[in-house]
Amino acid sequence: MVDPRQYLFPLILFLFQIVFTFLLGFHSEYKYFPVSNVTDYESPSRGLVEFYYAMFTDIHVMMFIGFGFLMTFLRRYSFSSVGFNFILCAFTLEWAIILRGYLFDWDSTTQKFIVDVQSLATADFVSASILISMGALLGKVNSVQLIVMSFIEVPIQVVNEWIGLHLFCGFDPGESMYVHVFGAYFGLAVTFVLFRSDFLDSPLEKSRYTSDLFAMIGSIFLFCFWPSFNAGVTTGSDRIHAVTNTYISICASVIGAFLMSSLLKKSKFDMVHVQNSTLAGGVAVGTVAGSNIGLHGAMVIGTLAGMISVLGYNFLSPRLPNIRIHDTCGVNNLHGMPGLMAGITGIIVASIGDRSGFSKHLTDTCRGGGKSRDSSTQSGFQAAALGLTLGMAIVGGLIAGMILRLPIFAQKGKDFDDEENWHLPENESKEDITRGITMARTAL
Amino acid sequence: MVDPRQYLFPLILFLFQIVFTFLLGFHSEYKYFPVSNVTDYESPSRGLVEFYYAMFTDIHVMMFIGFGFLMTFLRRYSFSSVGFNFILCAFTLEWAIILRGYLFDWDSTTQKFIVDVQSLATADFVSASILISMGALLGKVNSVQLIVMSFIEVPIQVVNEWIGLHLFCGFDPGESMYVHVFGAYFGLAVTFVLFRSDFLDSPLEKSRYTSDLFAMIGSIFLFCFWPSFNAGVTTGSDRIHAVTNTYISICASVIGAFLMSSLLKKSKFDMVHVQNSTLAGGVAVGTVAGSNIGLHGAMVIGTLAGMISVLGYNFLSPRLPNIRIHDTCGVNNLHGMPGLMAGITGIIVASIGDRSGFSKHLTDTCRGGGKSRDSSTQSGFQAAALGLTLGMAIVGGLIAGMILRLPIFAQKGKDFDDEENWHLPENESKEDITRGITMARTAL
Amino acid sequence: MVDPRQYLFPLILFLFQIVFTFLLGFHSEYKYFPVSNVTDYESPSRGLVEFYYAMFTDIHVMMFIGFGFLMTFLRRYSFSSVGFNFILCAFTLEWAIILRGYLFDWDSTTQKFIVDVQSLATADFVSASILISMGALLGKVNSVQLIVMSFIEVPIQVVNEWIGLHLFCGFDPGESMYVHVFGAYFGLAVTFVLFRSDFLDSPLEKSRYTSDLFAMIGSIFLFCFWPSFNAGVTTGSDRIHAVTNTYISICASVIGAFLMSSLLKKSKFDMVHVQNSTLAGGVAVGTVAGSNIGLHGAMVIGTLAGMISVLGYNFLSPRLPNIRIHDTCGVNNLHGMPGLMAGITGIIVASIGDRSGFSKHLTDTCRGGGKSRDSSTQSGFQAAALGLTLGMAIVGGLIAGMILRLPIFAQKGKDFDDEENWHLPENESKEDITRGITMARTAL
C-alpha cells in the first residue's frame, strides 16, 4: 500500500505556490527609480538598481553557494546539504518577499507593496536566518520538516525584525541580531525538542577529504562576500564603514581561528575551525559594522570572535548534548555566540555619544524619544532588541519543534544519510572493490 | 607513422588566431564613454563601464564556471567537460566579438566596429548558444569537432539574431529565443546527424557522487547570476523588471522542479532534475523578463517551467533515441522546451497592449510599421522571430552535423571517456586496490 | 617533553595582531567620499565605494578562491593549499593595508593614512605577490615559514612598488611587474635557498582526478575576474582599455595554451597547462592593459603568452632543479616569464609616442623630467622599474630564504603531505578496503 505521506512534500509546495502567486498578484508592484535621483548616493532612491545590485548578487551567492556548500562537509549527506539548502532558500525567498512586503514596504497610496533590488536582498537576509537554523538540524530532519519550519520561522523573524527596527530602533546593519542570533537560537530550540540520543556517535556524522574541500568552497565565498552582506542595505558613510570594518574584522577572525586551532590541536589545524570559525568576525562586527568603531576596533572584535568560536567548537559543542542540544554544524559557535558578541558590542558602542551613527536612523516611530533619543536610551533599546530577539527565537523554535515532531511530519529512517532522500549514483568504490576482488582472486 | 590528423587541432586554432588578429586590427576600436552622459541611467552611453560591468562579470562566470561545471556530472568525462567548455567558449568569444561587431556595432564614420563592455557581454550570450549545443553533444565529439561547430554556428546565430532584432524587432531581452532555443535545437540537429546506436547504454554515461557535486557548483552559479543574464543589456525600467522577474521565476522553478521530482521519484529526488530543471524558470521568463508581467506572472511561468522540465527528463528524454536523438545533458528539457515556452509567452504578452514595453524598442528598421507598429503586429513578429530561430537552428544544425561527420573531423575511440583526450593522473583507487590486495593477501 | 616550537605559530600571530591593532588605532582613518564628486567617473573621489566595489570583490575572490583552489591540485596537499592560502592571505592583507597606508596613502594634515575600497583592493594586489611566492614553495614549507615570509616580503614589495610608481613612474596598471614578476622571482629565490634533493620524485607531488577538478575552480575564477584585476584601480579611458584588452588577451592565451598543449602532448591535453598557462595572457598584458594597444595587440600578446607558458612547463620546469630550483606550481611559467613579457611590452609601447597613455600619470615626483617626460625617457624608466623589481625580488627572496632556513622555523616531516598539518578525516578508501577484504574473504 502506498504511504500517503510520500505526497506531502509536493502537495505542500504546490499549495504554497498557489497562495504566494495570488498574494503577489494582488499586492506587489515593481519599484522603478526616478531618474532625477540617480546622483544622490547619500540617500539613493530605493529603486536604483545600480546602487544595490553588485552587493545583492554577492549576498545571493552567499545564500546558495556559501551556505549550500559549507554544509556539504558531512561524508554522506552532501547531496542533501546543497540540495535542501537550494529548495529551502528558494521557498524562503518567496515567502519573505511577501511578508516583508506587507510589513516593511507597504505603499498605502497604491495599496500594494513595492519590490525592488533592496527587497530581493533583504529576502536573502531572512533566508540566512532559516539556513542557519537548518545548520543546527542538518541530517536530522526531512525536506517536509524544513519547509514547514521555514513557513513558521519566516513570520516570526520578520515580525521580530520589524519591532526591533521600527519600534526599538535597534541599529543592526549587518543583521547580527535579527538574522544570526535569531536563526541560531531558533534552530537550537528546534533541535532541543527533536533531540534523540541516537543522534550522537553516528558513524556518518563525519567528514571526508573531498567533502571538506567542497565545504571550503562555501566557506571562502562567505568570507569574500561578507562585506557585501554587512553593507548591503547601508548608504552614505555607513557603507564605507561597513565594507572596511567587515573586511578587517573577518580577516582578523581568520587569524584568531587559526591561532586558536593550532594552540588547541597541538600545532595541527582542524578543518571544522577553518571552515567556520574563520567567519565569526563577519558576524561579530555586524551590529556596529556601519559605525565609526575604527579599524583597530574591527581588529579586536574579529580576533576575539575567531578565538571564541574555536573555543566553542572545542569545549562547548561536545557538552551541549548534556542539555539535549545536538548542533550539527555548530551554529552556536559561528552564529550564536558571535551574534551575541555583536549585540553586546552594539549596546556598548551606542552608549558612547553618537559613535554608532544611530541618530541618523531614528524616526518618529521609535519608542523612547523618537528622533531625539539620547545615547543611553539608544543603548537600552539595543539591549531590548537583543533580548527580544533571543526570546522570540527560543520560544518560536520550541513551538516550531513541537509542530515538526507531529507524526505527519516526523522523519523516518537513518540520519545523516543521503540514501534516504536521493537516488544516488552507483558508488564508484563498489566497482573498484569488485575489480579489487577479481584482482585479488587472480593474484592468490 | 604519425597520423597527420593529430595536428589538426593546433593547426586550426593557429590559423583562426591569425585571421582574427588581422580582422580586429583592421576593424575594431575601443568605445570610450562621453563623461557628460554618466548620470543618464535611462539610456546610458554604450561605453559606460560602470553601468554594465557588474552584470557582465556575472554573465562571464555563468559561461565558464556555470556551463563548465554543470557539464562535469559524467563520471569519467569531467576534465573534458570543463576543459572543452573553456577552450570552446574562449574561441567563440573571439569569433562572436568580430561577427557581432560587423553586423551590430559597425560605425560607418570610422569604418570600424566598436568594442565596449556591452560587446563583451553579448559575445558571452553568443557563447551560451554554442555551449548549449555542446551540452547535447557532450561526450560524443572531439575537440576539433567542437571548434568547427562553433565556427559554423556563430555566424548563423548572429545573423538569426540580427534579423530577429533589427527586421522582425522580436523582443527578447533574456535571449530565450535567440540563444536558448537556437542553441538547443542546433545541437539536437547535430546530434541527430551524428547519431550512433552505441551512444546508448554506455556504462560511462552516468554520474558519480563527487561529479554530481561538481555539477552543482555550475548549477547554482547559473541560478544566482541568471538575473544578470536576463537584465544584462537592458536599461531603464526594463532592468528592474528583468531583475525581479527573473529572481522570482527561477526561484519558482526550483520549487516546481523539486515538487515534480519528488512526485515522480517516490519521495526521493533526482540530481539530474536538481541540477537542471531548477534553472528552467530563468529560460522561460527570458523573452518577457523586461516586461510588466507582474511578479505573479513570473511565479506561474517559473513553476510551470520547472515542472515541465522534469517531465521532459522523465518521459521525453528516454524516448528521443527512437527518433535518432541522443541528448547527453538534456538541453531540450532545460533550454529547448522552456525556450519555446518563453517565445510563446512573448507572443501572448506582446498581444496585450503595450504590456511588453515593445514600443520603446521599435525603430525605423522594423518591418511591418516601424515605430508605429501595433500590438497585434508585434505579436505576429514575435511568432515570426521564434519560427525563424527554430528553422535556422535546425537547418544550420543539420548542415553542421554533416560537416562534422566528414572523415577528417570524425571522432575515434570511446565515448564519454576522458582517456581519449587527457593525460590523466594515476587513479587513486588503483593504489588503494593494490594496497587492498596486499592487505587481503596478508589477511588470508 | 613538549616541543616549544609547537607554540611558535599561535605566538607569532598573536603578537602581530596586537602590533597591527595599535598601528591601525594610531594611524588609520576611513575615507568618506564627498557627494559632489559622485558623477565624475573620469577622476572619481578615492572614497567612492560604487566606483570600485564590484571590481574589488572580484579581486578578493581571485585571491581566496582563485589562488586557494588553483593550488589544491596536489593529491594529498589540498587542505594545506586552500587553508594556508586562507591564513596567509588574511595576514598579508592586514600587513599590506598598514604598510601601503604609511607609504602611499599618508594624509599629512590628519597625520593618519586613509583606508577606502581602493586600499582594500591594493592590499589584495600585494597579497597576490605573496601567494605567487607561496606557489613556488607549495608543499615544502610549514605555516610558520609562510607567515614569516609574508612579514619579510610585504615591505620589500611595497617599497619596490613605491619607487617604481612614484620615482620611476613605471606604468603598470595590471601590476605585472610589481606583483607577478616580483612574487614569482622572490618565491623562486626562496626555493633556491631551501632546495633539497628529496623535493624531487616525491610520490605525492602529483595530482589526482578530483584534486585537478578542484584546481579548475580556482583557475576559471581567476580567468573570469582577471579583467577586474587589471582594471581595478584604473579610471577614465584606461578602464575600458584594461577591461577589453584583458578579456581578449586572456581568451587568446586559452587558445595558445590548448594548441601548444595538444601539439606537445600528441593530441591529448595536460591539466597543468589548462589550469595555468591559459591564464598567462592576463599577466602578459598587464603592464599595457590600460593602453591603446588595439585588440589585435592584445590577441598577439595573449596567444604568445599561452604558448610560451606551456613551453615553459614542458621544457624549462623539468630542468630547473639542475640549478637548485624546484617550482611546485610552476610560477615561473605562469607569473615569471609572462610578467617579464609584460614588462618588455611596456618598454616597447612606452617608446611609441603616448600610445601607453603614460603622460596622464606623470607627476612632479617622477624622476627624469617630471610631467614633461618624453616617451624615450619613459621607456627607459619602464626598463628601470622592471630591472629594479627583478633585483629587489631576487635579493629579497635570498635573504628571506636564509631566514626561513633558521632551525627555529625549519620544516620537519614529510613534504607535500597534509598529515603534517591537519587532523585529517578518516580516509574513505580505508573503509572500502576493509569491506573489500571482507568481501574477498567471503568470496574465496
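So that you can tell them apart, the chains are marked A, B and C in the order they are listed, and the count of residues begins at 1 in each.
Heads up, the rule we're going with is that contacts are C-beta pairs under 8 Å (C-beta built on N, C-alpha and C of every residue); 3 or more make two chains touch, one makes a residue touch a chain.
If you're wondering where the values come from, they're calculated on a predicted model, not measured in any experiment.
Enquirer: Which angle of rotation, from 0 to 180°, maps the CA atoms of chain B onto the equivalent atoms of chain C, to the nearest 5?
Expert: Fitting chain B to chain C on C-alpha atoms yields 120 degrees.
Enquirer: At the interface of chain A with chain C, does the proportion of residue numbers present on both copies reach over half, so same, or stay under half, so different?
Expert: different
Enquirer: Need the CA-centroid distance for the pair chain A / chain C, whole Å please.
Expert: 32
Enquirer: Hey, what residues on chain B touch two or more of the other chains?
Expert: In chain B, residues 39, 50, 54, 210, 217, 429, 432-433, 436, 440, 444 touch at least two other chains, as defined above.
Enquirer: Write out the stretch or stretches of chain B touching chain A in their complex.
Expert: Within the complex, chain B touches chain A at residues 39-42, 50-51, 54-55, 58, 75, 206-213, 216-217, 220-221, 223-225, 227-228, 231, 236-237, 239-241, 243-244, 247-248, 251-252, 254-256, 258-260, 262-263, 265-271, 274, 278, 292, 294-296, 299-300, 303, 429, 432-433, 436-437, 440-441, 444.
Enquirer: Where on chain C does chain A make contact in their complex?
Expert: 6-7, 9-10, 13-14, 16-17, 20-22, 24-25, 28, 30-33, 35, 38-39, 47-50, 53-54, 57, 60-61, 64-65, 68-69, 72, 78-79, 82-83, 86-87, 90-91, 93-94, 97, 115-117, 119-120, 143, 210, 214, 217, 420-429, 432-433, 435-436, 439-440, 443-444
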